[in-house]
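Consider the two complexes below, in which chain A is the common component and chain B and chain C are the respective partners.
Coming up: the complex of A and B.
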């Protein structure tokens, strides 16, 4: 019933829907981050490494997110590109305590940015420098430096340090992403 | 970091990690059962002290333990069925194996003592009660050593002493019981009865007294002993102790032996190498051996040689790659020219250029990454590279190895009768043919030398042999006649010395030619520059004759020319009258 949908949206009852992809290396905390945003009744209590991918739904202050929680394991990473086309935004999660694999994260990010589906799109990318609580975690500034984010110029991006276990830093990131996606949606309307 | 391969990511490098270690003393293992694999390094310290067992978690040093003697090998193995499944670390050092569990010292295993030579034992027993003259004792021991008897470390030390220290040394040691021990040269593991990844494993060790021991992981008793013809240095094990196993050992005498469960004949399937082995790896069923003579060989498990490749430098370390996610198997060879070569079968598929000579390498899972290559270097650096997810190793994508065309059969024609006869003749007359050839060769040489001497004597060559006047001459003729242009080029080939006071003149048949300039005065010749002098020649005949013309470069006061050039004149066209 389109009419009621429009009415509800106008009244602010029904939120606009967006698709986001959550990517990053295995064990970086993607599933844990999404779990944090879910409503208490749908929350998962024990989180195991994702196989393939999962589709999860959660809401921010003004948008309804459909999140593709991709598995970060090497053998599933080639699945990521299958969903680039449909997504409106990307959340890239980094384990900021895994210094050894920073280069791998950078390599995967480069592959993502070079993908023809995304290369020329101005799609917003939110980076979580996750596990900021870990003993040898590097700062988000250092993280963006290691991934050479300064040279990423054709897409809006934002990085924030986070702790998915406590939720610290997560909302800051999603608020930024929400604002960005709203701009995108407005442009689309025109 | 100079990097020319695009297949690897540079994950970490610390050129000053101050690690002194080798492939055998490096291992990767999930010792905390948390999926985050650690790097375990037995560090040889300075080579005399400061030996340490170091454990790296990601890029930070997690723990350090002092080791008393030089380590010769490190492995991890499951010694119990407790959960969480944490493997123990075993470090071989001298005659001992130190076992660490949960990063704490747990157990020390000592190799069984060896039998002492009865005469040696007697001597020390007598020394205990001062019944023997120390100098006599030394002489007897020395005689035994020279006869090739193997002595205890204590006796060998005594033989190295100065005479005035002997008494003190004997007094210090005579009351402690005499023991003879061997040292461990190589260490490996073998699953006991099930092939699971976390199954209980036995330790397999090779020793300096030419034996292989297999140890029980729970009781630390010797389950089996095999004697070898020589000292084992590299060991590779597969199979299960309780079912069937195969141990391949390469020994210091350049032979590789295969030991099987229940068989004592180690010389079956023996491989003899041309040179000493410096590394041995087994991938699938093949044995890859690197030798001191800069070669890499591949053998089947039956001992049949499959191929050999020559390497550009000597081998400093070897390691196998068995990368399951891409089912990629290869052998990595580190070379003394600071390169690391990767061979897939006999094809060189990748080359890594390093800043230092790699002395130790492990490929496997480190941290959470499966395709990691950990390298230690000569100057003490630690390097970690990660295989790219998108890396592809194509056979023959590097120039090395035989070209594909070599494997296609050529369509050879049948042997002709002539060919067969010729071969026959060559076979029968080979001595005579060789002699004739040699004689002709000698004569040719003689003739060449004679001509050369003649040329030198008469300065007949266009380059001066006189060190005082180093000159080079070239002359040529231009034109079709009857008037030609004759040009002479002179160059002073010395570096510093100039030539002066020279003349150019010509020798020719006056009936045939007329030179307009018969003598050319040469100005001072500056070193290095080429000067050109010209004259015109008129040909006086129209009968189609031609002759040689000689050019001389003369120096007043010398009876023979400095250099001579000979130019053969072309046949002149006759004058066309219009």
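Coming up: the complex of A and C.
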């Protein structure tokens, strides 16, 4: 229905499409987070560790997201970079109760930031300090310290604590990302 | 408009294929479009089709390029377009074997396979199984099990078939899916039932008892699917074959009952299976043949075709059964479908008598021009068998073949005719001159270089030995003037052979060859120069070694040895003796396709493929302890040293080197509750031999073959040890039996190992093990292990070349042999040399015959044997003459037979 799409866009009804990548260590809750955004009929009730990646679509208040939900297991992490080039934003998920592997997460983040595809782009990064409900979870502030986010200056970033099981904190993050991406889209137009 | 024009043009030169002339690099460049967002499904679909097209054209794509394209393609998962998605599945399957990290699509495919879109689920399963490696199988197992019993037939079928493919890699996992497969067999869908039965069979295939049960179970509970029935018939037939059983087998009853099935497919399959069985009587065959006979007059061309094709195949084996259908076959001769007609005629030719040959040949010639090459080949094959059946008919048949050679036809067809003429010439002396004349005529106008060179080679071999050799020279020399370089070179070689063999033609051949020295092509000039110089020496021995009998080393081996020599240059000249010899194929490859047998996979001997022995040489060189034994002289064919169906299955291959023998034992552990470690074969050596080293097989798990080697030093024997010869004359005076005893012997063998019991389910072994052993059959080292077969195309010339210096002669009475053929088979088997000049075939009705054998003894000494055999009332007498370049080799061989 190309005509319909065109009409819808002309009327400003059709939402703009953006591509984001969801990365982070395994078991951090990436798939669970994305699942939360999906419409009730497409929701998945049986979440298993991701092998490779999955493409999921969901909508925020004014954007249509295509999310590449990547696998966080060690052997697949080096494949993330295959998808950097086309993405407009990044969601980096941290298991805030997994203090032991916080350094690993930091390492992976640094690799990502140093990647030639991303290094000089001012691409927005949203951090979820996920599993805030867990007993020994650290706060989002502590999390940003552990990851040394304060030194990340050439990209807009935002961190918020979340609980993917209840959805708490998730919308706050995506709203921020939506605003950032709209700015980028606006700039592109000009 | 512009594009329309271009399309039109493409249509003209590409037969309407828009993908013709696609360039790999351009297509892969285009594939980068997949990375663009948003996705344009139409455009991407088109490009992906191109990628698939070039892969299917056999274009080879490098790993890096393929991986890049693959990852680009994974981005198409963003699009929900059904056509594009299904193309992506195909793309994944095609690239899964070439690209890296293909498991990246696992989750995406798993989502589709469990998703709501039924049309995605089947293909997603197939794609998933193509990217799944062994380590990932566990994680998809649950989903596969569910899919097998899915209510959507396409999903269930896809899962079953994929499981079959996975089963090729790891039987273990799919074994656990047997319950699901059982359930799927009960499906109402004909395909699902068929595929499920296929999987069940595959899982149980190695367990004969279980297969037996499977067949008897399903033959009672009537299956819905005719396809499943056909499969069951095939399994049953295979069981009968394996058990070497006949109609007394309960399996046979089942197959026979299928002749009364309501589906034609099943009836045909059953009839086909019965007539192909080995041990059947005329009575067993009768119902199957009558079914086929009925099909011969069916209005459906497929049934007529199937029936006549099957009858054609079994015509030689069961002529009586087929003659019962003669009337029906006669009717089919005029069938509008030419394929059916051809098969009908060739079947009749196979079973007919000598008097019907002329009539049928005439009948065929009326439509030879209307049938395809494939069926023309069937006709040629029929003629080939007629030639050997009715040698007296060779005139009619040769003329017919010559006519066919003149007609239009492709390479395969022409090659078949040429081969047929060549075998006829070789089998039937009387047909020789006519055959050669036809071939001479053919090369006058032959567009196939391969055939022309082959025929020239034949002319060079056979021509000089005909009554008037000179008449062939003109044909051959014409090629030098008119043809391409390859053919010219072959012609030059052929001329040289006439010069070498026929004294009276020597001078004119030299003149012709001298003219060839002015050729524009290097190869042709080189050959001519070489031959002119050898011929001018006028020495028979030289001509024999360098022109008539040629080089006898393995081409692959020579290449490797020369390469090695250039890597480590030395003062010493290159030694041709260090190169392994070209091995003669173990079984005579010329077993002309006996029509009626299941078509044997045709040996493609034309290529310079690495021979079996070259492969062994390579493998042995990989074992550090065996790497420095020198060039491998000979590898025996494998011999079983265990009974079949015992706990362990062991085969022995003997590899002979200059001073050593390596015994290679290929072992299989058939017990699933045992794991063997440090497996060796301990050998009790025969006198003079010495075991140097055992190289154990570290681990032998259930059903995974492993190899252990035993290295044995050969007795330092007279053929090598010249010092000994001078040391004491006694050694030589010693009974000649000494020589044979020093090269032959019997070795007692025991398999030794450490056993660890293990859980048959998981294969998990116990911590501790215990030592155990298992007695194997003795291994014999015979004279044949020390000689390598070498074909001397011109035996007489080689005989003169070696000369009588070390000749030994003796006469033996082989009283326990009752025919010449039997004596010949035994002599060849024992001495292990190559029969030359087709002297292993005794012309019918002869009571005396001469066998010529040739080869090389370990150490590089030529060995020739002439055995004159005569048959009388008391058995066979043999006058054996041995010539060799080494006196001791002669003795070894002369005593071998005694």
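Note that in this section the second predicted complex is superposed on the first by the 181 of 190 C-alpha atoms of A that agree within 3 Å, B and C clash if a C-alpha of one lies under 4 Å from a C-alpha of the other, contacts with A are read in each partner's own complex, and residues count from 1 in each chain.
One rule holds in what follows: a residue touches a chain if its C-beta (ideal position, glycine included) is under 8 Å from a C-beta of that chain, and two chains touch if they have at least 3 such contacts.
All values reported here derive from a predicted model rather than from experimental measurement.
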**Q.** Combined model on chain A: chain C and chain B, fit or clash
**A.** clash
Q) Does the superposition put A:76 against chain B (first), chain C (second), both, or neither? A) second
Q. Touch check for A:26: first (chain B), second (chain C), both, or neither?
A. first
**Q.** Partner chain in contact with A:115 - chain B first, chain C second, else both or neither
**A.** neither
Q. Touching A:60, do we find chain B (first), chain C (second), both, or neither?
A. neither
Q.
Quick check for you: in the superposed arrangement, does A:100 touch first (chain B), second (chain C), both or neither?
A. first
(Q) Once chain A of both complexes is superposed, is A:136 in touch with chain B (first), chain C (second), both, or neither? (A) first
Q | Touched partner set for A:86, first chain B, second chain C, both or neither | A | second
Q. Of the stretches 44-52, 350-358, 764-772 or 818-826, which one in chain C hits chain B?
A. 764-772
Q | Shared contact residues on chain A - chain B and chain C | A | none
(Q) Looking at the complex, which residues from chain A come into contact with chain B? (A) 25-27, 74-75, 77, 97-104, 107-108, 111, 136
Q. Quick one: in the complex, what on chain A touches chain C?
A. 17, 19, 48, 50-55, 66, 71, 76, 79, 82-83, 85-86
(Q) Help me check something: in the complex, which residues belonging to chain B touch chain A? (A) 9-12, 35, 58-60, 325, 366-370, 372, 384, 386, 388-390
(Q) Quick check: in the complex, which residue numbers of chain C touch chain A? (A) 35-38, 71, 74-75, 77-78, 101, 103-108, 110-111, 136, 139
